[in-house]
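For reference, the structures are reproduced in the following blocks.
Consider the two complexes below, in which chain A is the common component and chain B and chain C are the respective partners.
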Partner chain A sequence: CAFFTGKLNVGVDAVQHGVEGLTYLLTESSKLMISETDFQDSIQVLGFSDDLNKLLVQLYLENRKEIRSILGELAPKLPSYHNLEWRLDVQLASRSLRQQIKPAVTMKLHLHQDDDQTVQVLQTDPSTLLHLIQQLEQALGEMKTNHCRRIVRNMK
Partner chain B sequence: MELSAYAQGGWRLLGDPRCFPRRCYASLLRAAFRSLLDHPHAGLDDPDLKDIDPAVLKHCHAAAATCILEAGKQKADISAISTCLEDCKLDKERIEQFCTEYQKNKDALEILLGSIGRSPLHITDVSWRLDYQIKSNQLHKTYQPSYLVTLNVENSDSGSHPDVRFSCTMEQLQDLVGKLKDAAKSLERATQM
Partner chain C sequence: QRFRFCGDLDCPDWVLAEIGTLARISSVKLKLICAQVLRDLLGDTIEYEKILKLTSDAKLESGDVKATIAVLSFILSSAAKHNVDSESLSSELQQLGLPKEHASGLCRSYEEKQSSLQDSLRACSLRLSQLDSVCWRVDYTLSSSELREVNEPLVHLTFNLRDGESGKTAAVPTALSADKFRVLLAELKQAQALMNTLL
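For the complex of A and B:
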């Protein structure tokens, strides 16, 4: 603020208020995802020149996506999927039982939560693996059903 | 297949008709198998065994259990078991009785022994939920599907464990399913080798 005070020849408070005002304008507009027309109408009341209005609209449209992505990070979140590594193993023997042939899939599930990255080592057997795939494919298929398509259409 | 001196001693008693008449021998075998596979205290209250000295009963029960577990662990065949029991001076009939009982319970024994041991958290099931995000207090008109996946897991030691939960977008779920399918394909190829 002090830097700009010198350059613009106005008080520190004025610069601070200006920055805060601009921030609020851009953040609120991005949050609500208002259209270009609505944005123009909104800033009309401020009584700026046409050039300044055009500049503000351009600023909004250029930065809207990034602002929205940052705002999206603020919502409450669960750990989210990042990656899965897998490995096939066959257990041949253990202390309590020799001569085994026990196939297993060992997995490393990488999850992200804000800045934390956690890793879970998990294991499953072949039939459960097939069951997992079947269940999750059903989950993916849901978005394509008529019911979900209708909801998505009506929401927009 | 080898047994410890203590176990061999117990088997010698089991082979002696003066200590263990035929019916008592059969009851003890049944009790030994049941105590390993069903319930730790099962079977020793069989009326056929009540006349036997408790110390002898304990010794013989331990000997029988040791033999069962050792045979199961090594996946011993009938001839190996027979040889081992012959060394303890058991007659043919008693050896055959043991082997018959062993054959009956072999599969359950193998499952029991195979389940002992440490392993990573084992996934037993999966549940999922599909949400359509509309808005949050920070961001309106988000309009995107989001999945919440819960993996039910079991701990080899304690049995239960808190589930592994995570959210993912459609693309992330597609990535996850793709990788699981790769694993399944590799598994199929490996079993054909």
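For the complex of A and C:
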């Protein structure tokens, strides 16, 4: 800010307000994804020179995509999958009972949430694991139904 | 088509795509790059500048160099994971389109380090916690506020557990009377005998 104050010969406050105003203009326009003509009409009201208006429109169009991708990352997120470690064990004996055969799958689920890393340890027997896999495959299969296909087609 | 080094599944598309990049490097240089990748897989630091020098002849971009390292890491660790011998690996890589000298150079490096790779993979398998050490102390209780003459031995045991995730040790202290300690010892000896029958 001090650099620009010297160059433009205005107060620090003015420079700061200018930067904030420009930021607000660009983020709101990018957030609402307004067209070029709408943007031009909006800034006509401010009474700037034609050159400045053209410059602002160019600035908006060039940076719109990047600003939108940055704004997209600001939305709240749930913990997301990072890694799954697993291990297959067989319990052969315990203090109370010998000569057993009891298979078990132990899993460690690593989750990430905006720099936070959590770990969940889970254990299941193979039949529950097969049921889990079946349920997840059914969920994936939903994407192939006509209902979902229609929505995806309309979104593109 | 199923490949043993992919765990009897199809070869991933990205691996197929990068076989072409591997073929662009000379087979001698590929063997040296393999040695570097094996160092990284075994826990040593990888010397990235050496790899850059070795790939400079083939005029690979930085993205291609990283892809080369990634595909070699995948092939070597996946082959070790599924216990594939080096001849089968060589023939499967040639089926994917890797030239014969490249495949044999790669498999020779793999064969040298196969057992150490498998040992290091076994060591980093999922493990929830580990017993670091056990400390003990035997005391003799003379008397207490409840009874004037106690005269009983007491064992203090401290188990130091290392958490698999963070590597931090936690101490779990316990105190046992002589009878309880004898029961514990007998049960643990039975468990040890069972473990010995499996070794």
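Quick notes on this one:
Operating definition for what follows: the second predicted complex is superposed on the first by the 108 of 156 C-alpha atoms of A that agree within 3 Å, B and C clash if a C-alpha of one lies under 4 Å from a C-alpha of the other, contacts with A are read in each partner's own complex, and residues count from 1 in each chain.
Note that a residue touches a chain if its C-beta (ideal position, glycine included) is under 8 Å from a C-beta of that chain, and two chains touch if they have at least 3 such contacts.
Just so you know, these numbers come straight off a predicted model, no measurement behind them.
In the superposition on chain A, contact of A:Val152 is made with chain B only, not with chain C.
Of the two partner chains, chain B is the only one touched by A:Pro126; chain C is not.
Contacts of A:Leu78 after superposition on the shared chain: chain B is touched, whereas chain C is not. When both complexes are overlaid on chain A, the residue A:Thr106 reaches chain B and chain C alike.
In the superposition on chain A, A:Leu92 makes contact with chain C only, while chain B stays out of contact range.
When both complexes are overlaid on chain A, the residue A:Leu140 reaches chain B alone and has no touch with chain C. Residue contacts after overlaying the shared chain place A:Val45 against neither chain B nor chain C. Looking at the superposed arrangement, the partner reaching more residues of chain A, out of chain B and chain C, is B.
Common to the chain B-facing and chain C-facing surfaces of chain A are residues 86, 95, 98, 106-107, 121.
The touching residues of chain B, counted against chain A in their complex, run 72-75, 110, 113-114, 116-117, 119-128, 130, 132, 134, 136-143, 145, 147-149, 151, 153, 164-168, 170, 172-177, 179-184, 186-187, 190-191.
Across the complex, chain A meets chain B through its residues 31-33, 68, 71-72, 74-84, 86, 88, 94-100, 102-107, 109, 111, 120-126, 128-133, 135-137, 139-140, 142-143, 148, 151-152, 155-156.
Residues 85-87, 92-93, 95, 98, 106-108, 119, 121 of chain A are the ones that touch chain C when the two sit in their complex.
Contact residues of chain C toward chain A in the complex are 125-128, 165, 187, 191, 194, 198.
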